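Structures given as structure tokens follow.
Shared between the two complexes below is chain A, which has chain B as its partner in the first and chain C in the second.
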Partner chain A sequence: MNLHMPVPDIEERTLAIVNALKGLEGPLLPILHEIQAEFDFVPEDCLPVIARELNLSRAEVHGVVTFYHDYRRHPAGRHVLKLCRAEACQSMGGDALAEKVKALLGIDFHETTGDGAVTLEPVYCLGLCSTAPSAMLDGEVHGRLDDDAIAELVSEARR
Partner chain B sequence: MSLVPEIDYGTPASLSEKMVTLTIDGREITVPEGTSIMRASMEAGIQVPKLCATDMVDAFGSCRLCLVEIEGRNGTPASCTTPVAAGLKVHTQTSRLKDIRKGVMELYISDHPLDCLTCAANGDCELQDMAGAVGLRDVRYGYEGDNHVKARDNGETNTRWMPKDESNPYFTYDPSKCIVCSRCVRACEEVQGTFALTIEGRGFDSRVSPGMHENFLSSECVSCGACVQACPTATLTEKSVIEIGQPEHSVVTTCAYCGVGCSFKAEMRGEELVRMVPWKDGKANRGHSCVKGRFAYGYSTHRQRILNPMIREKVSDPWREVTWEEAYAHVASEFRRIQYQYGRDAVGGITSSRCTNEETYLVQKLVRAGFGNNNVDTCARVCHSPTGYGLGQTFGTSAGTQDFDSVEHSDVVVIIGANPTDGHPVFGSRLKKRLRQGAKLIVIDPRRTDIVRSPHIEAAYHLPLKPGTNVAVMTALAHVIVTEGLFDEAFIRERCDWSEFEDWAAFVADENHSPEAVEKYTGVKPEDLRSAARLFAAGGNGAIYYGLGVTEHSQGSTTVIAIANLAMATGNIGRPGVGVNPLRGQNNVQGSCDMGSFPHELPGYRHVSDDATRDTFEKMWGVKLSDEPGLRIPNMLDAAVDGTFKGLYVQGEDILQSDPDTKHVAAGLAAMECVVVQDLFLNETANYAHVFLPGSTFLEKDGTFTNAERRINRVRKVMTPRNGYGDWEVTQKLAQAMGLDWNYSHPSEIMDEIAATTPSFALVSYDYLDKMGSVQWPCNEKTPLGSPIMHIDGFVRGKGKFIRTEYVATDEKTGPRFPLLLTTGRILSQYNVGAQTRRTENVVWHEEDRLEIHPHDAENRGIHDGDWIRLASRSGDTTLRALITDRVAPGVVYTTFHHPTTQANVITTDFSDWATNCPEYKVTAVQVSPSNGPSEWQMEYDEQARQSRRITAKLEAAE
Partner chain C sequence: MTVTIFVPRDAAALACGADKVAAAIEKEITARGLDAHVVRNGSRGMLWLEPLVEVSTDNGRIAYGPVRPSDVAALFDAGLLEGGAHALCHGPTESIPFFSSQTRLTFARCGITDPLSLDDYRQYRGLKGLEKAIAMAPAGIVKAVTDSGLRGRGGAGFPTGIKWKTVLDAAGPQKYIVCNADEGDSGTFADRMIMEGDPFVLIEGMAIAGIATGATKGYVYIRSEYPHAIEVMDEAIRIARQNKVLGPSVLGSPYTFDMEVRSGAGAYVCGEETSLLNSLEGKRGIVRAKPPLPALQGFLGRPTVVNNVMSLASVPIILDQGAEYYRDFGMGRSRGTIPIQIAGNVKHGGLYEVAFGLTLGEIVEKIGGGTASGRPVRAVQVGGPLGAYFPVSLFDTPFDYEAFAARDGLIGHAGITVFDDSVDMLKQARFAMEFCAIESCGKCTPCRIGSTRGVETADKIARGIEPEKNKVLLADLCNTMKFGSLCALGGFTPYPVMSAMTHFPEDFAPAPVVEAAE
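Let's turn to the complex of A and B:
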């Protein structure tokens, strides 16, 4: 994990990303995407650098980062499992599925397993209502999840 | 008495000239195109319920309370975001709307505490008002579910709840009361332009966040108060309101800090000031404020305020409290004795730029009519006297040409030697707003000030010149404009003297004045300078704003002339959006100059040698007036050291701290036999005084201040003077003690005398000001409504005068012993010598003066950030702590002068402007070296100050 990265290093790497993308129209979101790709999360120390370079206030950048759940404020586990918690999935047994997953992983939503393998997150609609309940593991979507399917998914994630 | 009513129209006014007629609730109303339905309704007297809308910010449409129905249109559009259209039939109250509004309010209240009775906003809460307006009677949701209202009763932690942020000294932020209407965020962005606030998170997690989830004090917040004013609930509340309660009456008055002259409502409970709220109809500030005017009034009740007159024989004695009568008699007899012994010219007076016009007028009248000489000067001597001279010579009046509204029409703004976001914050915010709309900015300043670059604004060009080379840079700008043919020939031929222009054009076109030639001493890149000149000449309406960075130089007057030349050459005079605008430092610098505070000028800038003018005053005052100009402040001090000047009456001015070369000032004061200081506090000058007369604050007297745009604003008394008398009364009593027959019963009578004797004030009276709100002089038969813009059809002097501006380097030069150039300035939270702001909570932002030094210069000298350093010049030395920053260029250091312990003016020299003696504060050759404590002078000074501030009790004195 990169929790203790030295600040100058963060600043330098952030600056490189900002400089590469700041010519875009509306560069803040692409920059934050790239930051997350670089560090696996959006370190707090990046924000003042981005603000300075784009001539925004720190508050504005903070407002954008915190608005989007997908910009992480802390590093995630090696795998990220997102369970759809929206209406269609809930009506197809999503609640029970969520309890099952929590039990299997031994964690609640927004938590990471002790071994750093899996982070569990709720997501509000993956757009897979027709195959509800559904989930996404590291960007790959899975539908029609029953007990077996979810157990397999979880064990895949734990590896 | 009651609160001054202010109507909130919900959305800003539309500037369109095309009118549209529509019907709202059966009433026909005609409004400018682009007006919102909400505003149109309010103008028709129909209040649409609203929470997120307020007319200081643009419509947002988030609260869903202001929905209306429009015949022929589907749905229920928000009235704040829906513009009017011809023939619309709008209904603001239908059963459908009532249901929607009640439902929305119920949801709001389901996540809001119900502690109305003990809430600080009780009586001033829009949420409460709206709950009443929509008839909310119960809330079905309960508080068991998600909420951010309280920390949970059952011991569990409620992660959505956040405690109060009390870090700002003047207001609190209580997130539990927030309804996330975003009014504060938008006020910070649109009105103040700081962008310190945001809404973090989303949904239930949405909270107002200063900076990056910081507290207010450590965020980018500048404490202007716009968010507090915008907040519809108790989320952002003045601590004074929490402590005292809601005000019961309010009075419109004028801020006593900088030259912007903001109008405020002093909201009172009895004689207790609850809060100062910027007044929307104030024409200088348009409802905005800064941390000083809004919050920093606590000095008026500070325990160090002196409330009784005091006398002492020698300055080494302790002070002795006496009665007012004793004090007046003592001063009168001392001044008479001195004049008898040393001659009529051995006494003089200094008027204050902080006092009212009326008070200033009385002091100069006392000197002229009572002392019988013209030895009167004012602190404008040390700030804007070159403005008076330069603009008087070129245009014919000693004042700025525009009103502050003018900036809304500017396309290119040049800022020279001014730091508006710190020194004139409300103007700074108005300028930033215009810049965000697309106007271009050119900054000419040795230091990278905040206006050069801060969120959402950036100067097109920053010309970081070496201190002291203003004239060279201005002339080089003119060189580019003339040689590239960018001047406005039609304007010049019509409005100026063409042959003078030709002479000037030939002068500036000389190759020696080209950007390339001057680079070697100005340090400004020629290509930047050329581009800036082209932008100014060809970029549309060009306005120049300048401050003390222009005037406080040995060539201050020359730079002012160069600025005027540039404005005339480009045709940027006489209409909105252009002009030459001095940003005045103090609240009434303009006024004190207007009132005849200079030794050579009677009120209205008329020379003392002018027989007709003298005749006017001689008839009015019944005395013979001297036609010889009197002594300026530096001359008074020189004469004192020489032994020919012995008595001085100083009203509201701290010359020992604010004037250059402190040691010389101290020596001059020490050589006098009777120094009378009239002030709120025992200021530094009072250390050398023999008589102390307690002063009154702007809250304690009636009068007028004249701001930088020549606007005469009323100052209104809201409480009894703690010292017993307004300053004008004290001067009057003093005059009476000296045998003068003065009988003013109210300051309005003084203004009547001013109007009767001074043509540019001819129509001004308190009644007229009450009627008009404020007026900008000249206000006479020709311009009965005042003059927002001057020189519209021609210059006051006739033809505009071009004058050559030869650059002459200052005698203050760097060398091996003093290799760095020191320049001085001010900071947002502090004001001038700090006598007022240091006695408020503003010190949390600036507790000491620091020396800004470039990392390169610091490294060379082994200085680290925060180290104590010794700052030495040819005049003296002092110590302060270093602040390492690249805001200043290598070779330049910078400090503020707000704290007396720093004694920055021990360092400054006695070089001054060639025309007006305005001191050269902005350039001093210095050396900086590591140090481990206060200098010898600082310790001596501290000891002297401590000794001289002793006061013995009244009883003791009687023994």
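Let's turn to the complex of A and C:
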């Protein structure tokens, strides 16, 4: 995993991303999205490079990274399972489904299974409110989740 | 002649296995040596039937759904290509009552065309509005939008034409059109559907807005939870640019307009327009105080139109068919059509575009067909997580901005989430506070602190700790949040909380106190 990447390597890859995007109006979010796509999370060592290149303080960059739910400060598991927790999914048994998923994986929300396979995250609405309850596994959407479907999804994620 | 089979690429269809169905259909076509091809269209909006497969026949498009991959071979055996009878067949798509009773203006093309075919788009009156706009003076375009009575479909219901006029009259070397596609409300998916199913209509609407106000640059801020919408919009913008719908000379006119997609990063509050602008600028999504209005000092401090996807997507038909045509639909001061999203525990969930004025009961019982679980309807939340819960006794409320406001509710983005009688309304009220606490931007105290205190107070009521006193406290907290918050997140969270307490007091009754063993 990327945890033990050499710092110069992180800085170099960060600089390439920043240079490619800093011409945009309001480049910071696009840059952070690219960084997360590159490293799977936003490594701490990226922040000084971004701050320097965009003429921002490190505190400002830190503030932005920590404000948004999407940006991870640590690597996720090999798969990310996002379970919708919002009202439309609640109306179709979303809470019970969440309990089931937590039991199947043996973890709570915002946690990763011990084998590094799955990170479980809550999401507040995937816009699949007429095919509830819904989830997203690594960017793929799944609706009308019943007990069988969620068990299959979890076992797919564990592989 | 080659037969066309439609399998939607809409995320709701994908979530129900549309890709696997499309692959199974392709396989059967090859295996049987048939003269047919698959088009991935948008959704028709009848989401309980997804994946809804359609076949073009001499008798129009015939619908089959919900189709599972394992049904495909049997469908071909039953004569799918000729629209043959099968248990999953619903006859002509446009004769299905859910569809035939709608008035589709904004969603006229959605589900009919290939979303990324500009030829399809033109064939169904696409770009006619933009062509007419180019021939008009900017002030004339603004007047047409004003006269149509179009009000912001994002929830606030502010007249779109007045916003545009402010930007048109504002001086500045660079103005912007920002499309708010941060559709975070649970129970809503109209923006997602139109972006995935008819992206060019949004591009056309934004280009018209640009010409009308003198803005040459547009941004679509799409929430990151919508990767499919982002993908389709990116591709549609590329195609539009290639075909000179966007660029230095829009459709060969002297007008310049170009646009790009920006992805959000999972913050619900960025659906608030000033917070969205901060986010677009690369800052934390903190709400700005108004004034200054974004119309005068918006993106990067410059004059900016911030409109919802639905508002902008409704503009092309207004320009094409005329302001009167659009205004003639609706009731009172709510003019035109509204794409109602029927969601949650409902039998026939989906997108239903209709003129304002249907009653809530008609929408839930008649069109939605009651609950999916078959149990009685108990509560309906209208307008997303910041909308009020309505009991069945208020089902006579007409779908109209003012009528909902008069009953302490709001239409919001027109999402309706249905709950059956198993719902615990105290739990829902607590969730509203919890959601506000998670998503608060933190700038103003009533929202940041009030929401957390609200969760604690709801918990005390649930545990039977001084329930009467705590109910008064919760109501007082709601009052402070409603009038003291900077934006709608803190300001509207009291709607679900207070409506739950007012209409469902039995759920807030003291729980029987369990005596501790002596």
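The criterion applied here is as follows: the second predicted complex is superposed on the first by the 159 of 159 C-alpha atoms of A that agree within 3 Å, B and C clash if a C-alpha of one lies under 4 Å from a C-alpha of the other, contacts with A are read in each partner's own complex, and residues count from 1 in each chain.
Just so it is clear, a residue touches a chain if its C-beta (ideal position, glycine included) is under 8 Å from a C-beta of that chain, and two chains touch if they have at least 3 such contacts.
In this text, all values refer to a predicted model and were calculated from it rather than measured experimentally.
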Inset, instruction - Please determine whether it is chain B or chain C that touches the greater number of chain A residues. - result: C
Inset, instruction - Using the touch definition from the top, say if A:100 reaches chain B (first), chain C (second), both or neither. - result: neither
Inset, instruction - Considering only the touch criterion stated at the top, classify A:143 as touching first (chain B), second (chain C), both, or neither. - result: second
Inset, instruction - May I ask you to decide whether A:87 touches chain B, chain C, both, or neither, giving the answer as first, second, both or neither? - result: second
Inset, instruction - Once the structures are superposed on A, label A:55 by its partner contacts, choosing first (chain B), second (chain C), both or neither. - result: first
Inset, instruction - Classify the contacts of A:67 with the two partner chains as first (chain B alone), second (chain C alone), both, or neither. - result: both
Inset, instruction - Would you sort A:126 into first (chain B), second (chain C), both or neither based on which partner it touches? - result: second
Inset, instruction - Have a look at where A:79 lands relative to chain B and chain C in the superposition and call it first, second, both or neither. - result: neither
Inset, instruction - Could you tell me which stretches of chain A are touched by chain B in one complex and by chain C in the other? - result: 60, 63, 67, 69
Legend entry - Interfacial residue positions of chain A with respect to chain B in the complex: 44, 47-48, 51, 55-63, 66-67, 69
Inset, instruction - Mind listing the chain C positions that touch chain A in their complex? - result: 11-12, 14-16, 47-48, 50, 183-189, 191-192, 224-228, 262-268, 279-285, 299-300, 341-346, 349-350, 372, 381, 384-385, 415, 417-420, 423, 428, 431, 435, 438-439, 441
Legend entry - chain A-facing residues of chain B, complex: 194-202, 209-213, 219-220, 453-458
Legend entry - Complex contacts: residues of chain A adjacent to chain C: 25-30, 32-33, 54, 60, 63-64, 67-71, 86-92, 123-132, 134, 136, 139-144
